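What follows is one structure encoded as structure tokens, with my remarks underneath.
Order of writing sets the labels: A, B and C. Residues in every chain begin at 1.
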Amino acid sequence: MRLRKTALVAAGLVAVLAAAAGCGSGSGAGGGTKNSDGSVTIDWQMWAGSSDEQKQLDHLTKLVHQKYPKINLKLRTAPFKDYFTKLQTEMSAGKQACLVSMQSLRLPGFAANLEPLDQLAKDADLSGFDPAALKALKADGKQYALPMDLGALMMYYNADAFKKAGLKAPAKGWTIDEFVADAKALKAKSGKPGFGMSFSDLNLMSLLYAYNGAQPVSGDKLTLTGKKMQDAMTWYTELATKEKVGSVPASSSEGGWGETQFANGNAMMAVDGTWNIGSTIGQAKFNASVAPLPVGSAGARTYVANSGYGISTNCAYKKQAFQALSVLTGDEAEGYLADQGRAYPARTSQQPKFGEYLAKQDPKKADLVKNALATVKDGLDGSVPFTTTQNWDQVNQLFSQYLLQAYTGATSPKNALDTVQQRAQRGA
Amino acid sequence: MSTDTLRRTAAHDTGADRIQRRQRNRRIRQTISHVLLVLVALAFLFPLIFTVATALKPAGETFSTPPSLVGSSIRWQNFVDVFTFVPFHRYILNGMFVAGAGTIVTLIASALSAYAFASLKWRGRDSLFLVFLGTIMVPQEVLIVPMFILMQRFGWVDSYAALIFPWAFTAFGTFLLRQFFKAVPYELQEAARIDGCGPLRTFLQIMLPMAKPALGVLAVFTFVNFWNSFLWPLVMINDVNARGTVPLGLELFFGQNGNQWHLVMAASVISILPTLILLLFLQKHLVKGVATSGLAGR
Amino acid sequence: MAVAEATRTPAPAKRRRSRSARREQWHATGFITPSVVGLGLFTLFPVVMAVVMSFYKWPMLGTHEFVGFSNFSYLFGGDPDFLAAVRNTFVFTGLFVPLNIIVALGLAFWISTSRFQQLFRVLFFIPSITPAVANAVIWKLLYQPDGVIAYYTEKLFGVHAPNFLADGHTALLAVVVMSVWQGFGYNMIIFSAAINEMPPSVLEAASIDGATGIRKLLRIQLPLISPSLFFATVMTMISSLQVFTQVFIMTGGGPGNSTETMVMNVYQAGFVSRDLGLAAASAWILFALILIITAVQFVGQKRWVHYEH
């Protein structure tokens, strides 16, 4: 009798355990579920940070449902900086979504888990996309994702500070030497660093690429020990150690140092992607503008980086997933995101909407915006997709720890690069 | 000779005088000590004061030379903005749920086993208790990797269950409650038994009510530990906006808004509030709990 | 105790007693089951599994294979960051534990003279129960190059402040300072309680004997609270060997590997490099170190800890 009571308590505990186990994300294998009414619920994994971003994505899921009433999208989000780590853990647990949002940089590392779309997209018309945007989402010649946006790395500059220092605003064709000279003049005039430095892959590597064409990855191998890369890194490091114009990140955990210092008015220039044009120009308390990256010894160079959506190989509803995908990358969806100022669309027909949005936000800054968007097209000249290795998270982590040492002068740029190269070996 | 005079003056000094003088000296010393202590406490609290101050400054005024506690205006709106910027309310609700459920499971499991160890006689009791004590030494970090695999096998990755159950079975809780149960007079239990109460009734009607203070302390600290836990949610939760807890949300919020210190500080203040309120209301018990058991953070 | 209970139980009916003993055994099983299952599943099993995993190449994606001691030999031979992490963890512990104990002890004695002891206890305890992430974010703000600490360093000492968290010479120290601020509250309360429980008769006898100041502290008071001191030291050391959150938020392990700690190493190996076998090996070494250090402390306590009887 009493024993039974004890057993009851134990059983209760087990029930609690089981119930709580059931309150997980509830997504089964296959990245989606078939419902009793014949409709299909497809999981969609995407990054989102702010509540606004979340709302925009919710709207996109509604667009899909309107077009295909038998398809429901179930959105799962993680912040961008953790997104790819999380994606890995989900894949290792076999819980990845059917629809997977993918950034061009990370595509090589995930290509094995993504379905090549060439077959599914056979009948689809891809001519509406900017070719650069499509190209960035290819790996081994296969299209693994369709693009949501188009982006490239540019130089953001504080137009007010340039004017105050009596400098000509940077424009297409300005050179590396002019960049350094301007940074010095800005520093002399404003007392604040002329350039916000970074150890984040795109922000850093695009300027090195512009400097002399040095690239960190060739094929799928990390190549940090070449002469070109050493030269470029030495030049970059000396912005802080020799020229004293660089603002050095305050710690290895400051991934977005350069951009945020710029946006706060503490650094007069910084490299950042087109995707931040709207927020940076809009929020800055000064007149911010963008220019193409300065031209170095290898001619005009920058990286294209953009994002899109792919379908995972274990997806049980590939046909429906592709239907959803075509809505997500369709005119209406991309136009909507442009209207919201979220992204510079990959669909050429929708691209003007982004400019309209920006001009609407702050009529006083309309000219800045127009100039900036003209620059986006200019900046795409000579651009290539940024490719990465499989263990890119590890490489990024190593960058943050060891390149900072070079920036502060604690070690030489060559040493820092060698260290990263050597330590990344094992995970490669 | 000189010693002689000295002695004589001392003798003239009446005892009452001496005591008065000594008391006055002591009072002065105590006042100085108090003032210094208050200064030390203020210096100690400065980071928290500065946090609240920054949380109330308008954007872009975080850094100023010289540093100041007040911006150009007091901006309460920052605290509202935190919630519109990220779903911070969601993190709070998740944190409450996980910490609440985790606390309940911990209390039930700990109390049951503590009672068995304290009041029942059974074979293997002492050796099993040693094993229990041994597990206290195992650091959470050692378990993270295999636990991750385990969660995969359970299909618990990115679930509340993964946040609640793995850390709800602590030998520490068992140990703490066992000490309390042992202090319950044996006669009381024996009397209950003679009245025909079985172990479960004895446990529920005699032992649990007696151990209320200990249960309370254990509950609060378990709650705080769950609430503050960072590494495990960091590893386990994929969909942060759906299942993220407060420290996780705070860290991610910080990563995304590195330039918006005023919002990050407002979020920090919000994240500190629940435990601070617990501390203020239950200070006597908490302090006593730490003092008697040394309940430390996980 | 067994004897006492035996005399308490009436002597006759031996058979009945053995039946009730059997029944009690069953009851106990019921009571103990949740904890045993939970601890077994979520603590003992993972500990053993960690050992097994440490002998495998176990990537987060894909299949695992037995590799013998290669994870360990990589940690000690091929991975300079691991040895740096061990060194940093020891440096951190070597600074943090003494500082923590001294500050906690000093303040505990100090506030014991105050009428507002309880108030001060609560004040100093606040950071100990607030989320470590919040504390770390707060200190990160203070340590910014144009932040408060840099300003006052220059103002008061006239030296140009280093970029605290980016400079390999100061980063770990900066983390230690933050950690002491955050952590000493627990120990202070433990000590404070021990101080209040010092028997007045002993203290009085000591002052009659003329023991004052330092002598009284070293000869009388510290030995009286030595059990608390021992307990606090052991617990603080165990937790300090596991330092992670502050480092993760404030310095990310850098610059270089100057703030890389052992738990940071476990996290990076497992969840950044996605090499779970390596992470398990690293974690196991940490566990072994904790066990050894704790064992040494327990052996050493006989020399200085005085238990009252």
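In this section, a contact is a pair of C-beta atoms (placed from the backbone, for glycine too) under 8 Å apart; a residue touches a chain by one contact, two chains touch by 3 or more.
Molecules present, by chain and UniProt name: A = Sugar ABC transporter substrate-binding protein; B = Sugar ABC transporter permease; C = ABC transporter permease.
All figures in this text were calculated on a predicted structure; none of them were measured in a lab.
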Report summary line: In terms of CA centroids, furthest away from chain C sits chain A
Requested in this report: Looking only at C-beta pairs in contact, point me to the busier pair out of B-C and A-B.
Outcome: B-C
**Report entry** Whole-Å gap between the CA centroids of chain A and chain B
**Finding:** 39
Query raised in the report: When the centre of a chain is set as the mean of its C-alpha atoms, what distance in Å lies between chain B and chain C?
Result: 14
Report summary line: chain A touches at least 2 other chains through residues 2, 6, 9, 13, 89, 92
Query raised in the report: Which residue numbers or ranges of chain C touch two or more of the other chains?
Result: 27, 31, 34, 144, 146, 248-249, 271
Query raised in the report: Of all the residues in chain B, which ones touch at least 2 other chains?
Result: 108-109, 112, 148, 165, 198-200, 235
Report task. Using the touch definition up top, name the residues of chain A that touch chain C in the complex. Result -> 2-3, 6-7, 9-10, 13, 85, 88-89, 91-92, 248-253, 266, 391, 393-394, 397, 400-402, 404-405, 407-408, 410-411, 419, 423, 426-427
Query raised in the report: Once bound in the complex, which stretches of chain C touch chain A?
Result: 26-27, 30-31, 33-34, 60-61, 74, 78-81, 140, 143-146, 163, 165-168, 171, 248-257, 260, 268, 271-275
Report summary line: In the complex, chain C touches chain B at residues 5, 8, 21, 24-25, 27-29, 31-32, 34-39, 41-47, 49-50, 53, 107, 110-111, 113-114, 116, 118, 120-135, 137-139, 141-142, 144, 146-148, 151-152, 155, 181, 186, 189-190, 192-194, 231-232, 235, 238-239, 241-242, 244-245, 248-249, 263, 266-267, 270-271, 276, 279-280, 283-284, 286-287, 290-291, 294
Requested in this report: Enumerate the contact residues on chain B facing chain A in the complex.
Outcome: 60, 84-87, 101, 105, 108-109, 112, 148, 151-152, 154-162, 164-165, 198-201, 235, 238-243, 252, 255-256, 258-259
Report task. Over in the complex, which chain A residues touch chain B? Could you list them? Result -> 1-2, 5-6, 9, 13, 16-17, 20-21, 23-25, 48-51, 54, 76-82, 86, 89-90, 92-93, 95, 254-257, 260-261, 263-265, 285
